[in-house]
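Across the two complexes that follow, chain A remains constant while its partner is chain B and subsequently chain C.
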Partner chain A sequence: MEALKEELKNKIITTLNLEDIAVEDIADNDPLFGDGLGLDSIDALELIVILDKDYGIKLVDPKEGKSIFQSIETMASYISANRTK
Partner chain B sequence: MSKKTYINGVGCISTQKTFDTVFLEEAVVNHNENVLAIVPPAYKEYISPAASRRMAKGVKNGIVASALAMKDANVENVDAIITGTGLGCIEDSEKFLKSILDNNEEFLTPTSFIQSTHNTVGAQIALLQQCKGYNFTYVNGAVSFESALLDAKMQIEENEANSILVGGVDENGDYTTSLFKLAGRIKKENDLPSNVLNANSTGVVYGEGASFFVLENEKKDSTYAEILDVEIKNSLEENEVEEALILFLKSNHLEITDLDAVVLGFDGNSDSDSYYRNLSENAFVKTPQLYYKHLSGAYDTASAFALWMASKILKTQEIPEIIKVNSVVKPTYNTILLYNQLNGKNHSFTLLSK
Partner chain C sequence: MTQNKPNIQSYIKIENNEIVLNGTSAFKTEPTDFADFAKQAYRNFEMQYPKFFKMDALSKLAFLGSELLLSPITSTEDENNIALVLANKSSSLDTDVKYQESISDKENYFPSPAVFVYTLPNICLGEISIRHQLKSENSFFIFDAFNGEFLSNYSNILLNTNKADLVLCGWTEFFNDNYKAFLCIISAAENENYKNENINTLYHK
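The block that comes next holds the complex of A and B.
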């Protein structure tokens, strides 16, 4: 699980071009949107693509996204439980 | 009566250090590379990290150049933004197309697609400045910038706008430049070092950059020049250029002898530099001649760099040695003509006065 969290942090920094942010700057429970990392709706689309492309998870209900993408912790838990690759 | 058009602010990001400098005092000619990269400014001083993370360099350069021009003109907003670009945001276009191929048309992410359109630069400048006025991008090859300039001039003349931000911007994309090398548009490595004025090989040294100008309908302390006229000719044979130029000058009640300098678009391509060479050795033999693509590199909107250069000359009354083609000098520089073309097509004449 810890390795997955680290992997997700790296993927988010690289994919979303968060130039001034390092892995250590993202706490597992920091909110990804709003006050935390400050991601926006375009980033949400990028995260959906990461789930699909890298972990074989297709989000069919967009409402699920809000809870899945709450933090690195919630993302990692959801991926661990649902990944197909 | 139609209004006059004045250049009241300039901003330039190029393959030379054209920001935080006076006028090309740090310019260096790079003879040994066939694709030149821009000297980047400190983007963070102009764009927040949150905004810049999705921007390719062309967008960032356009934003910084436009911010420099507006600061120079001492204006906080403009009525319109008009941009010229030959290839648009080619870096993100390449990224998006590569992603389609790499992922077998699946998993397409939105960012590079959103940023890949030609009007991204004008749109991002407008978003940052909250400019809700006329916003247009011209994509017309080597006359993209002149098309934007002509539109801006006509809008000011017709009282459609009092102030307009107009600019030319292009960026290099790795894949596109590799195709240009294959097609012979970029000079071969074997033909380096390059010599733009006395070219004995085909192809050009490619460049990139962004030059923006604040045009207004009133003369101010910050004024660089008045734009007297802009003309575009899509096709001219070599033996037709001089006559076209004379007619252009005549329509502005001028003759060649009235010009204090001419800026020629020599790009080091032996196939088409004869257009400039003919003028240089005949019609303009007694006129101070200047060139610039040895500094800026050649690209569709490099002529915006030439306008930046001519504006600086009219304001400072100084001509750096590094841009001189001949040794003819004038006591003052009040009227300058710019002539550019690409491979015998897309000719443009731009006339400035002090």
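The block that comes next holds the complex of A and C.
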């Protein structure tokens, strides 16, 4: 699980072009949206693509994203339980 | 079309790894690609706007130019009625091609929303408007080549009909890492510094 969290932080920084943020800056329970990393709605769509492309998880209901993408912790838990690759 | 001489207040040119502001070199790097040049320029001018790194190249080019012209004259308290009139030759083709490549393989079909949103040239106008909180007129035109006469006349019409207090107009061209931006601020009032200049003469200087 720790390796997956590290992997997710790296993916998010690279894919979402978070130029001024390092892996160490993201705590596992930091909110990804709002006051946390400050991600926006397009970033949310990119996170859905990451789930599909890298972990074989297709989000049928985008509303699910709200709970899945709360933090690195919640993302990692969901991926661990549902990944197909 | 008859040229209606614009009153240029300030201008900027970005090409060949250099930013020239009002005729003076403001920033220059060793030869490098645009992505690196743009990042260095952003850091050099301490722009403090992380969304810059999410933009495509055309928007970064327009953003860099507009930032140096608009930041000294925009207010965070009052509404800034500054119209935006930009043009180029390649539209958003550079990003269009990248997006098309990302969806051409049916076995590896993962279209990127973050790339897709930049597959229109006028998105760069939105980026500038968001940055400076502009709710003003804006237009993006596609021409075969730089058309200073059109930009002058269009800007003057906006000023003469009180659609805008100022106009940021110019050329922002980007394709395959070849780029050139020329932007200027036009007003109703004459500026002594540029009374013998027009958009064409400054563009070709």
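By definition in this document, the second predicted complex is superposed on the first by the 85 of 85 C-alpha atoms of A that agree within 3 Å, B and C clash if a C-alpha of one lies under 4 Å from a C-alpha of the other, contacts with A are read in each partner's own complex, and residues count from 1 in each chain.
Going forward, contacts are C-beta pairs under 8 Å (C-beta built on N, C-alpha and C of every residue); 3 or more make two chains touch, one makes a residue touch a chain.
Remember, it's a predicted structure, so these values are computed and weren't measured experimentally.
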{"item": "Superposed partners chain B and chain C on chain A - clash or fit", "value": "clash"}
{"item": "First, second, both or neither for A:I42, with chain B first and chain C second", "value": "both"}
{"item": "Chain B versus chain C as contact partner of A:V60, first or second or both or neither", "value": "neither"}
{"item": "Touched partner set for A:D52, first chain B, second chain C, both or neither", "value": "both"}
{"item": "Location of chain B clashes with chain C - one stretch out of 236-244, 308-316 or 326-334", "value": "308-316"}
{"item": "Chain B and chain C contact sites that coincide on chain A, given as residue numbers", "value": "16-20, 38, 42, 45-46, 49, 52-53"}
{"item": "Chain B residues within the chain A interface of the complex", "value": "49-50, 52-54, 103, 106-111, 114"}
{"item": "Residue ranges of chain A in contact with chain B within the complex", "value": "15-20, 38, 42, 45-46, 49, 52-53"}
{"item": "Sites on chain C touched by chain A in the complex", "value": "39, 50, 53-54, 110-114, 117"}
{"item": "Of all residues in chain A, those that touch chain C in their complex", "value": "16-20, 38, 42-43, 45-46, 49, 52-53"}
